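In what follows, structures are represented as structure tokens.
Next come two complexes built around subunit A: one with subunit B, the other with subunit C.
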Partner chain A sequence: MIAELGHIFLISSLVLSLSGGISAFFLKKELPIQKFALLMTLLVTGAFFALIYSFVIDDFSVAYVAQNSNINLPIYYKFAATWGAHEGSLILWILSMNLWLLAFLSFNKSGSINFSNIVFGVCSLVIFSFLLFTIFTSNPFERILPVPPLNGADLNPSLQDFAFTVHPPLLYFGYSGLLLPFAISIAAMLSSVPNRDWASASRPWTLLAGSFLTVGIGLGSWWAYYELGWGGWWFWDPVENAAFIPWLLTVALVHSLIVTENRNLFINWSLLLSIFAFAASLLGTFLVRSGILTSVHAFALDPERGLFLLGIFSFFVLGGLIIFAFKNSTKNQSSDYSINSKEFGLLLNNLLLVVLAVSILFGTLYPLIYEAYTGGKQISVGAPYFEFIIFPFSLMLGLLQGIALYLSWGSTKSFNFLGKLIIESLSIFLLTLILLFVLFEDLIPASFITIFIFAWLISGSIFFNFSFRSLEKYLDFINRRIGVLLSHVGMAILVLGVGVVSSYSNEKELILDPGDKIKFHNKDIEFLGIRDVKGPNYISKAAEIRVIDDNRSFELQTEKRTYFPSGQVTTEAGIETGIFGDFYVSMGDNFNGDSWSFKLQSKPFIRWIWFGALLITLGTFVSSINMVRRLS
Partner chain B sequence: MRRFLNLTPFIAFGILVVLLYSFLNQENEELESVLVDQSVPEFQLPELEDPENLISKSNINNLPALINVWATWCIACRVEHPFLMQLKNESILTVYGLNYKDDRQKALNLLERDGNPFEFSIFDEYGKLAIDLGVYGAPETFFVDKTGIIRERHVGVLNDKVWKDKFEKFLKEDNEDK
Partner chain C sequence: MNPIRKQRVYALMAIAGGSILAVFLVVSALSKNLNLFYSPTDLLNNELSPDTLIRAGGMVREGSIKRSNNSLNIEFVVTDFKNDLTINYSGILPDLFSEKAGVVVQGYLEKEGSFRAIEVLAKHDENYMPPEVAKLMENAE
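And now, the complex of A and B:
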């Protein structure tokens, strides 16, 4: 009964979003759009809760629940299973689009009535198309009648984990947040608002979407690291790329909007980027859910869904670009800035980010293009291509970011700061080198570049306004620019983590019998034995490992779990976490008796990657909240 | 000129949409992952020993048989190797190899050194057939009965115990039918 109620809620919001969207487009007068958005949000929330309810009471007559839950599944994961697969995640997606729209309408006070109406109209139509998609191809409320199963098939075991339960919602929140800049750019083209106004209306939401994307991607990377048992943190999997491309474009847009708001420049560029970022988020959805790319993230395949999503993508993106072609800002912009100005710096930043995004998109799609034009021959584009591409871009972006905060609008009077910057960078560079030298004893040439870029970024973001004489002024400055500083410092820390972990990681694969002792780096490792563990919905072989490291000793446990409803096997890695590095052990295959293969890995500085991502998340979050406050 | 320039993003994305549409059709013709009690999926892949020789489903014709997923990078595969040799030497049943995401030369060297238990090996460099079979690692073994239906699947090392527990009954079943 409750599931039917959820179904009715979905259908009502479908009707509302279509009628609301169309009337907002054509009626040029003040409409109660905020109340309308609230009503839609409440209906979708109702549907979402109806689905959660079906999970919690184990209503296996609902097909989606039967496929993704089980009586023995812990209650916490029954909640999380709601968005664990395609259908339920769409409901969450639609809910978050509604929440973004509602937040925009509640806080935004700038722009004309016409402007707000069009933003509302575009968002409602996108929401309508996703509702249509859900109801017709991916309805989570479908029943298995007349004979419902007694028990469900269970939630995919590798998803039964804390990080998983929060990673997808945050990522969906980020993806769907890109709807607002898109809708705002369409509204800016169709109504006549000053560029400064729409840019300042768009900035906080773009930043906030970027913040959610960053934390979502970061959590996903962290989850993959400890849950998949490979010890990697980024795999250049197509689905990761599908999230990385919108992230890059969002970062580009955040910077381009600064110029549009402050200098009335890059107007068409900002409009286009808003469309591109939204397109990238839709494209990612399409690639993942149509099944044309296979990956660890694959959802159930259904060609009809792919076609439907491609339809949504074409309609909104091509529609947006047609509007752009005829309604863009044709006024000649005064391009009155020199090569050493902030404008030029941001222009370079945008170029690099967009070219990088396009290269990654190309690498992701190339296997498909190749297959289509060679009649089925397959090729895979993996880490070597992407690493080859990303290295020079990160280097250039890094060099640019170091000086970017020093540049001023129009033209920077002098490059006096360069000397100061170099001295600061060198001192940080040396300090980091010494630190690394103490930790690793040998230094690899490749890591010098990383450390230098780290030093360059840190001194470029923190110290450029620093002096002991006016410490108070400096602290005040930090206080005002805390968001900017956090995110730029976060980037520096992330770069250091990536660089060190790629140059100093070590791994060893071997077979051990209980009682075996081996040496790995400076650690003595002993395999103590195997224990049988019984969890609520799995049985597990747990290997006890004792590690003796210089002066301390600790025990780690790695597991091979077999989840009984599905028979699927997962690996739980044993990880000793440290600021300067992790020790990572995962269980491989079983040989005779209690003899197992193990993979030992040392992962220096890996935590810095996620710490950096966290700082970027915080920084962008703080900045966007401050901007929203200023707007309203 | 300016109007045309304004249209370029539209044209670029139009091309992208057409491209994506063609991918979609291409993929629809392929099979989805195959589980137990379904027939072996269609495939066309080169033979390990002879890259020019393309192997398809029809080459797996000496049934019943095992399909064994292996690779040189997989330590556990070496552990089960002697057992596979035993299956071959005692003529218990045919084993077809599926060489998974491997280096051709390394794989050939290994077979040269340790013996070749396989009728032939399919060279699946990108894991194409493996995806259709739902393989998630090596070693993995599938039992295909004499009608070409996959009856059982084992993830992990194949040894005497696993053989007796999981596969032998299917072989007996097939023999009784004769």
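And now, the complex of A and C:
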């Protein structure tokens, strides 16, 4: 009964979003759009809760519940299973698009009626198309009648995990947040708002979407690291690229909007970028859910769904581009800037980010192009391609970011610039020395570059307005620009983590009998033995490992779990985390008796990657909140 | 030059520079890092150099998995139901590796026609078959 109610909620919001969307486009008067958006949000929330309810009461006559839950699944994961697969995650996606729209309408007090109407109209139509897609190809409320199964299949065991319960909602929130910059750019083109106004209306939401994307991607990486048992944190899998490309474009847009708002420049560029960022998020959805690319992430693969998504993608992206082509030409660009200006720095920033995004997109799509071109030959583009591409771009972006905050609008006074550069060089020198001293016995060029860029970024973020004479002023400045500082420092920390873990990781695979002792990376490792463990919905073999470091000793446990009813086997890694590195042990296969193979890894500085991502999340979040506050 | 023209020149220079760099990087990266996928049948009469990194795959033949007792060496046979290919690998296998399951391996074709894998690719989901292998299965039916 409840499931039918959910279905009805979905259908009513489908009708509402279409009628609301169309009327907002054509009626050029004040409409109760906020109430309308609230109503749509409530209906979708209702549908979402109906689905959660069906999971919690184990209603296996609902096909989606039967496929993704089980009577023995812990209650916490029954909640999370709601968005564990394609259908439910779509509902969550639609819900978050509604929430973004509602938030925009509640906080944005500027702009003409026409402008807000069009933003509402575009969002409603996108929501409508997603609802249509859900109801016709991916209805989560479909029943298995007349004979429902007594028990469900199960939630994929590797998804039964804390990070999984929060990673998808945050990531979807980020993806769907790109709807707002898109709708705002369409509204800017169709109504005659000053560039300054639409750019300042778009900035906080773009930042916020970026914030959610960052934390979503970061959590995904962290989850893959500890849950998949391989110790990797990024695999250049299509599904990861599908999130990374919109992230890069969002970062570019965040920066380009600064110029549009403050200098009335890069107007067409910001408009286009808003369209492309949204397009990238739709393209990602399409690639991942149509099954046309080989990915380690499996969604239910269905060509019909792919075609439908391709339709949505083409309609909105082409629509946006057509409006862009036929809009009134922008009142152009009066301000002058020279090559040592902030404008030019941000131009380079955007160029690098966009070219990087396109190169990654190309590598992701190349297998498809190749297959079509050669008539069915299959190819894969491996991680080395992406690593080869991203390294020079990161280097250039890093060099640029280190001086970016020194630059002024128009042109930068070279005297100030030099003075700051001297302070910066000194601090870089010190930071580099300290890090070298703390970290490494041996130095390879890659790690030297990493440390240099880290120091360059840190000093470039912290000291850019520093002077001893007016410390108070400096602190006040820091306080006002805290968001920028946090995200730029976060980037530095992330870069250091990536650089060090890529150059200094160690691993070893070996077979151990209980009682065996070995040495690994100045640690003494002892395999104590195997215990049988029984969990709520799995049984497992747990290996106890004692590790003796220079000055301490600790025990780790790694498990080989067999989940029922699916019988799927997963590995739970044992990880000793630390600021300067993780020790990671995972169980392999059973040999004679209690002898097992193990994989030992040392992962220096890996935490810094996620800590950096967290700082970027926090920084963009704070900036965004401050901007919203200023606007309303 | 007037300011607007000057800005356009900057922008064009930057864009041209960026595009040239990107094309250069993409082309040189692609020329080195592409791995073609081969089925056991494809590899039967193929004169591949043993230095070419390729992918191969198929279904793991029942009863073909041979483990060593005291090392991580393992040998198994993948099949596309027309021909077989023997794979040698040393290391820990992914959890989802099993008999009669689809598998994709990355590595080198040795002179004697066996395959030395440096990586056995894992997958997330029990129901999920690597698309390359799924296509082989389709063709076999």
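Going forward, the second predicted complex is superposed on the first by the 602 of 632 C-alpha atoms of A that agree within 3 Å, B and C clash if a C-alpha of one lies under 4 Å from a C-alpha of the other, contacts with A are read in each partner's own complex, and residues count from 1 in each chain.
Heads up, the rule we're going with is that contacts are C-beta pairs under 8 Å (C-beta built on N, C-alpha and C of every residue); 3 or more make two chains touch, one makes a residue touch a chain.
Predicted model, so just to flag it, every value in this text is computed and none were measured.
Chemist: After the subunit A overlay, clash or fit between subunit B and subunit C?
Modeler: Subunit B and subunit C clash in the superposed model.
Chemist: Does subunit B (first) or subunit C (second) touch A:Leu365, or do both, or does neither?
Modeler: first
Chemist: With both complexes superposed on chain A, which partner does A:Ser597 reach: first (subunit B), second (subunit C), both or neither?
Modeler: In the superposition, A:Ser597 touches subunit B and subunit C alike.
Chemist: Taking the superposition on A as described, I'd like to know which of subunit B and subunit C A:Leu273 touches: first, second, both or neither.
Modeler: After superposing on A, A:Leu273 lies clear of both subunit B and subunit C.
Chemist: Quick check for you: in the superposed arrangement, does A:Val62 touch first (subunit B), second (subunit C), both or neither?
Modeler: In the superposition, A:Val62 contacts neither subunit B nor subunit C.
Chemist: More residues of subunit A are touched by which chain, subunit B or subunit C?
Modeler: C
Chemist: Would you sort A:Ile511 into first (subunit B), second (subunit C), both or neither based on which partner it touches?
Modeler: Touch status of A:Ile511: both partners.
Chemist: Looking at the overlay, what does A:Gly588 touch: subunit B (first), subunit C (second), both, or neither?
Modeler: both
Chemist: On the A-aligned overlay, A:Leu171 touches which partner chain: subunit B = first, subunit C = second, or both, or neither?
Modeler: neither
Chemist: Quick one: is A:Ile118 in contact with subunit B, with subunit C, with both, or with neither? Answer first, second, both or neither.
Modeler: A:Ile118 contacts neither subunit B nor subunit C.
Chemist: Check the residue A:Val317 against both partner chains and state whether it touches subunit B (first), subunit C (second), both, or neither.
Modeler: first
Chemist: Residue overlap on subunit A between the subunit B contact set and the subunit C contact set?
Modeler: Of subunit A, residues 291, 294, 378-380, 509, 511, 569, 588-589, 591, 597 contact subunit B in one complex and subunit C in the other.
Chemist: Per the contact definition, I'd like the list of subunit B residues that touch subunit A in the complex.
Modeler: On the subunit B side, the touching residues are 2-3, 6-7, 9-10, 13-14, 17, 19-24, 26-28, 32, 44, 75-76, 79, 126, 128, 131, 155-157.
Chemist: Which of the residues in subunit A come into contact with subunit B in the complex?
Modeler: Subunit A reaches subunit B through residues 272, 275, 279, 283, 286, 290-292, 294, 301, 303, 306-307, 310, 313-314, 317-318, 321-322, 324-326, 328, 330, 365, 368-369, 371-372, 376, 378-380, 509, 511, 569, 588-591, 597.
Chemist: Using the touch definition from the top, list the residues of subunit A that touch subunit C in their complex.
Modeler: 156, 158, 228-230, 265, 291, 294, 296-298, 332-333, 335-339, 344, 347-348, 351-352, 355, 358-359, 362-363, 366, 370, 377-382, 384-385, 388-389, 392, 509-511, 560, 566, 568-571, 588-589, 591-592, 597, 599
Chemist: Under the touch definition given earlier, write down the residues of subunit C that touch subunit A in their complex.
Modeler: 3-4, 6-7, 10-11, 14-15, 18-19, 21-22, 25-26, 28-30, 32-37, 55, 67, 69-72, 91-93, 95-96, 106, 122-128, 130-132, 135
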